[in-house]
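The following pair of complexes shares a single chain, chain A, combined with chain B in the former and chain C in the latter.
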Partner chain A sequence: MHLTQLTATDMAAKLRAGETTAVELVQAHLDEASTAFVFINADEALAVAAEVDAGKYDHTLAGVPVVLADVLVTENMPTAAGSAYLDGWVAPYEATAVARLRAAGLPILAKARVAEFGMGQESGAHEAVANHQAPFAVVSDTAGTARHIATETGVVAVKPTYGAISRFGLVAAVSSMDTVTPIARNTADAKALHQVMVGADELDPTSVEYDWDFSSEAAVAGGTIGVLTEQPADVTDEAWATYQAGMEKLQDAGMNTTEVTMDTLGQAAQAAHIIGAAEFSANLAKFDGIRFGNRVTPDNGTVQDVITASRGAGFGYETKRRIIVGTHLLSAGTIDSHFYPAQKIRTAVINEYNTAFKSVDAIAVPAGIQQGEEYESTNAGIGASLAGLPAASVAGVHICAPTYADELVYRISAVVETTAGAAA
Partner chain B sequence: MVDNIAATAHIALTEDERQRLTAEFDPIIDALVVTADEQLPVTVNPLPVNNKLRADVVANELSNEQALSAAPESQDGQFMVPAILDGE
Partner chain C sequence: MKTALQTYEPVLGFEVHVELNTVTKMFSTATNAFGDQPNSNVTAGDLGMPGTLPTINQAGIDYGIKLGLALNCTIAPESRFDRKQYFYPDLGKNYQTSQLEPAIAYDGYVDVELDDGEIFRVEIERAHIEEDAGKLTHIGSTGRIHDASASLVDYNRAGVPLVEIVSRPITGAGERAPELARAYLATIRDIVKALNVSDARMERGNIRCDANVSLMPIGSETFGTRTETKNVNSTRAVAAAVESEIIRQAKVLDAGEAITQETRHWDEEARSTRSGRPKSDADDYRYFSDPDLVPIVTDEAWIERLRAELPENPLQRRRRLREEWAFSESEFRDVVAAGVLDEIEATVVAGATAEAARKWWMGEIARIANEKGVSPEGLGVTPADVVEIERLIADKTINDKIARQVVGHVAEGEGRPTEVVEARSLAVVSDEGALTTAVDEAMAANPDVVERIKGGHMQAVGALIGPVMKATKGQADAGRVREIILEKIG
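This part shows the complex of A and B:
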């Protein structure tokens, strides 16, 4: 079998068994590189691989190549976050998640294409993993988009509990929802990547202190999963059949199923758009052409003119629109009519999940839910993002569980992915 | 409306962008309406934030060269920024 067809876990096993080398693994993937990537880190990845082959690293995944969405800042590689505004920028510091990957000896193959500031349906990282250009990748998931794209590309995305993986060095879009998220072709690989990055970080004040344990081999039998029993209007027959197949797998594995309805989720999408635009507008204030972003200096311009011209030239239209909408939502009057009510809806969503989790261990819905365009859009994962829950998108099923139950999400995901059609 | 907010947000719009956003703005705001129970508290962060502090010691230092590496302009080891006072 060609090296790129293996799972990350199998690549690591072959490396340990001496059946391949890290250099061979990196080169095999570099040979498949495509326009999914905006920067290919060939020389450095091969140099790290050679160090792995020389025995420098002892981590299980050392030598297995990884790709980063271009919203994670990296030393020695450009970070543009999909924006012309950051074209050519090389950060003088590195994201904690990236530093941990490097410390474990994972060669970084490339930075992958993203929508501007990660806000959109475009993801070169998902493409690359689906097309065997990398065994796994690290992306950002803000309001479920990375999990939704996972469904469309046939890969597994597992958003951690909010704060489980440091956001330091992730170009911030919506700080209260952004998560650094592993994606892979199967659950085991996503879990292995997650474990390299997880853990508190003094550079991220929202990172959580928790004694993570991913070693459980416990069966899911005896647990209870909340499910939908009626096909929602926004789920196609095909997506519903895939979902039901996943639920049968869980039942076959001994999980009890019980119907769960979440009334507050009807307003979750609007709340997420409001909070999202507001936080986005505040986060992007630092892109002023002074601290971050390419500078445009009008003749005889004041500092305010420099900022306005730089932001005008640097941001794309959708980013400008989101910032202007967000600025409006935080203005006197609108903050009371829109923003604070959205934050209260967020509380209602969290309360409803907490109530549900008194009777179920996790909740599974069809992952393919998506309706509406732009500011009227929704997806299966928005509620979990608002509530900070760990959540997986796997084989057409979206699974979420209480905060800190990331390990349970992985165990359920591993059962679901055994359905026909799940990615190899 | 759009012009005022764009000015607040310090964003220059081209004429095309201004026209497009003027047409799109009200429908977006109209779509973003929620009705919440007034009695509920607001949620700012999904998990409790515990004011995580680190020891007050110098760490993760950038060298002067690193700090200036991406600066559009620098002089004498310092950032060059636009004047904020006339003639200064």
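This part shows the complex of A and C:
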């Protein structure tokens, strides 16, 4: 079998067994590189691979190449976050998640294409993983987008508990929802990648101190999962059938199912749009043409003219639209009529999840509901982002669990992915 | 101002920004230092670079709580940081991290001592923690932004922790409004200095005061339109700015015109305020809770630990010391004005009497310091030196006049007083033989004086002491010389 067809876990096993080399692995993937990437880090990836082959690293994933969505800030490689404003910018510091990947000896193959500031359906990283250009990748999941694209491209995305993986060095879109997220062709690979990056970081005050343990081999049998029993109007027959197949797998594995309905989720998308645009507008204010990025200086321009021109030239339509909407939503009047109520909905969503998790260990819904608007995600996907829950999108099923139950999400995800047609 | 106050009652309000002297900035690990090479104390976060996140400086929170406690405030059980948004290039993120509601500390008061000792209580609405902005230098004829050809920005100050202390409106000060303004600012300065949470150097902008002034007709309960005079950075200037604003506003009102709500600037040269930008209550900073930072949750144990570290309130301390030292009102006021309260206290603690300590710090030490253009405590004479000099006088090793010379030599860095006395052979001549010889010579040279003393003119003794002191180069104990003379004549 061609090296790129292996799972990351198998690549690691072959490396450890001496059946291949890291340089061969990296080269095999570089040979497949495509327009999914905006920067190909060939020389450095090969150099790191050579070091791995020389025995410099002892991490089990050392030598297995990884791809980064171009919203993760890197030294020695440009970071543009999909924006003309940042085009060509190289950071003098590195995202904590990337630093941990490097420390473990994972060669970084490339930076992958993203929608501007990660807000949209573009994801070179998903494409690359689906097309065997990389075994796994690190992306940002803000309000379910990365999980939604995973459903579309047939890969697994597992958003960790908010704060489980440091946000330091992730170009901020919506700070209260942005989550560094591993994607892979199967659950085990995503979980392995997750473990390299997880853990508190003093550079991110919202990162959480927690004694993570991913070593459990426990079966999911005996656990209870909240499910839908009636096909929602916006779920296609095909998506519903896929979902039901997944639930049967869980039942076969010994999980109890019980119906769970979440009344507040109907408003989740709206709340996320409002909070998202508001935070986005503030986070993007630093892009002013003064200190970094691409400055545009009009003739006889004042400071304000420079700011206006730089933002005008640097940002795309969607970014501008979202900034204008967010600025408006935080302004006197609308902050009371929209932003604060959206925060209340967020609290209600969190409370409703907390209540639900008193009777179920996790909740599974179809991943394939089309909202067709801003975030193209399921309400449940958005709900998990609003509540900071760990959540997986796997084989047409969206699974979420209480905060810190990331490990359980992976175990459930591993059962669901064995559904016909979803395995790698 | 007197005329103005026959018609109007002034209402004051102060916003005082105190720069904290933490080692690092409030939300980054950059050094918090004044006067360094521009843009040398900055992290990527201070510059608002993509992907960076703020971190919380715990010392800054502790200092904020301590200051809140010293202002008799309630400490919020939970408070947050908020983003105050406005585009200006001195803020790396184009928002200032501040606190909207609640502040870390609120509902307090501070007792302000006026010149005559009267206490005026000023209520504190809130004290919140925020970050300072960078410093813009405008290149152009006037140094102001609107006609600058270019502007330079230094982010060293961006992110330095600030506590903003906001008073409630102050009524009832009447003609003492300027005096109260000065005393209030001085009180805040004394408190932060005593807490050692700030370098408290107003000339460096460590403490900056915005003074709000409005006038209302006497008897009215409705406040008039206020102006806010920004960044008045000395106690003297804040008094002058308040007085100038009261007079200006009274003239405007007397002419039947309305006060424009605006920020104003204090012009030190013109001794008056000038118009800045219009400011309305509706300025919209689009505050919202900063999702990058976690709430500050305080508990009883933390607050009590900080409360236990609080120094004595400066006003109470002054009152206690005045009583303990038994200084008159004016003596004490002079001591405070001379800035040697700490030195006198340390000297007393080291073993001198309060009177002796005052004599030296307000006398010879102050005189030499003044000559050299330094502050008394910066002269190099320590409280222990003063105690040592007093001991040398008490055991008659030196006399008062020599002691003053010793202080001068200590200030020159010649060593501690005993070392100076030894090195310069300044000890009093206590050899009775030498003294007696000198007295005999003086009596022989001045027979007329001896006769007058014998005739009962005791004050004439002085005319013999002089030559004896001259003969011993001032190193004789004048009291002992007098005794010897009287023994010989008696």
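Assume the second predicted complex is superposed on the first by the 416 of 424 C-alpha atoms of A that agree within 3 Å, B and C clash if a C-alpha of one lies under 4 Å from a C-alpha of the other, contacts with A are read in each partner's own complex, and residues count from 1 in each chain.
To be clear about the criterion, contacts are C-beta pairs under 8 Å (C-beta built on N, C-alpha and C of every residue); 3 or more make two chains touch, one makes a residue touch a chain.
As the structure is a prediction and not an experimental result, all values here were calculated from the model.
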Worksheet item: Should A:P205 be classified as contacting the first partner (chain B), the second (chain C), both, or neither?
Response: both
Worksheet item: Is A:S176 in contact with chain B, with chain C, with both, or with neither (first, second, both, neither)?
Response: both
Discussion item. Looking at A:Y317 after the superposition, I want to know if it touches chain B, chain C, both of them or none. Which is it: first, second, both, neither?
Written reply: first
Worksheet item: After lining up the shared chain so the two structures overlap, which partner does A:S331 touch, if you call chain B first and chain C second: first, second, both or neither?
Response: both
Discussion item. I'd like to know which partner A:A282 touches here: chain B for first, chain C for second, both or neither.
Written reply: second
Fill in: First, second, both or neither for A:V52, with chain B first and chain C second
neither
Worksheet item: Between chain B and chain C, which makes contact with more of the residues in chain A?
Response: B
Discussion item. Quick check for you: in the superposed arrangement, does A:V394 touch first (chain B), second (chain C), both or neither?
Written reply: neither
Worksheet item: Given the touch rule stated above, what does A:Y93 touch, chain B (first), chain C (second), both, or neither?
Response: both
Discussion item. A:N294 in the overlay: touching chain B, chain C, both, or neither? Say first, second, both or neither.
Written reply: first
Fill in: chain B and chain C footprints on chain A, overlapping residues
89, 91-93, 176, 202-203, 205-206, 288, 290, 303-304, 307, 327, 331
Worksheet item: Quick one: in the complex, what on chain C touches chain A?
Response: 44, 47-56, 83, 85, 87, 89, 92-95, 145, 151, 153, 282, 284, 286-288, 291-294
Item to complete: Provide the residue numbers of chain A that touch chain B in the complex, in ascending order.
Response: 89-93, 161-163, 176-177, 200, 202-203, 205-209, 267, 270-271, 273-274, 277, 281, 288-290, 294-295, 297, 301-304, 306-309, 311-313, 315, 317, 320-321, 323-325, 327-329, 331, 334, 338, 340-348, 350-351, 374-376, 386-388, 403
Discussion item. Residue numbers of chain B touching chain A in their complex, please.
Written reply: 2, 5-14, 17, 20-21, 24-25, 28-29, 31-38, 40-47, 49-52, 54, 60, 62, 66-67, 69-70, 72-73, 81-84
Worksheet entry | Contact set on chain A toward chain C in their complex | 72-73, 79, 81, 86, 89, 91-93, 95, 167-172, 175-176, 202-206, 278-279, 282, 285-288, 290-292, 303-304, 307, 327, 330-332, 335, 339
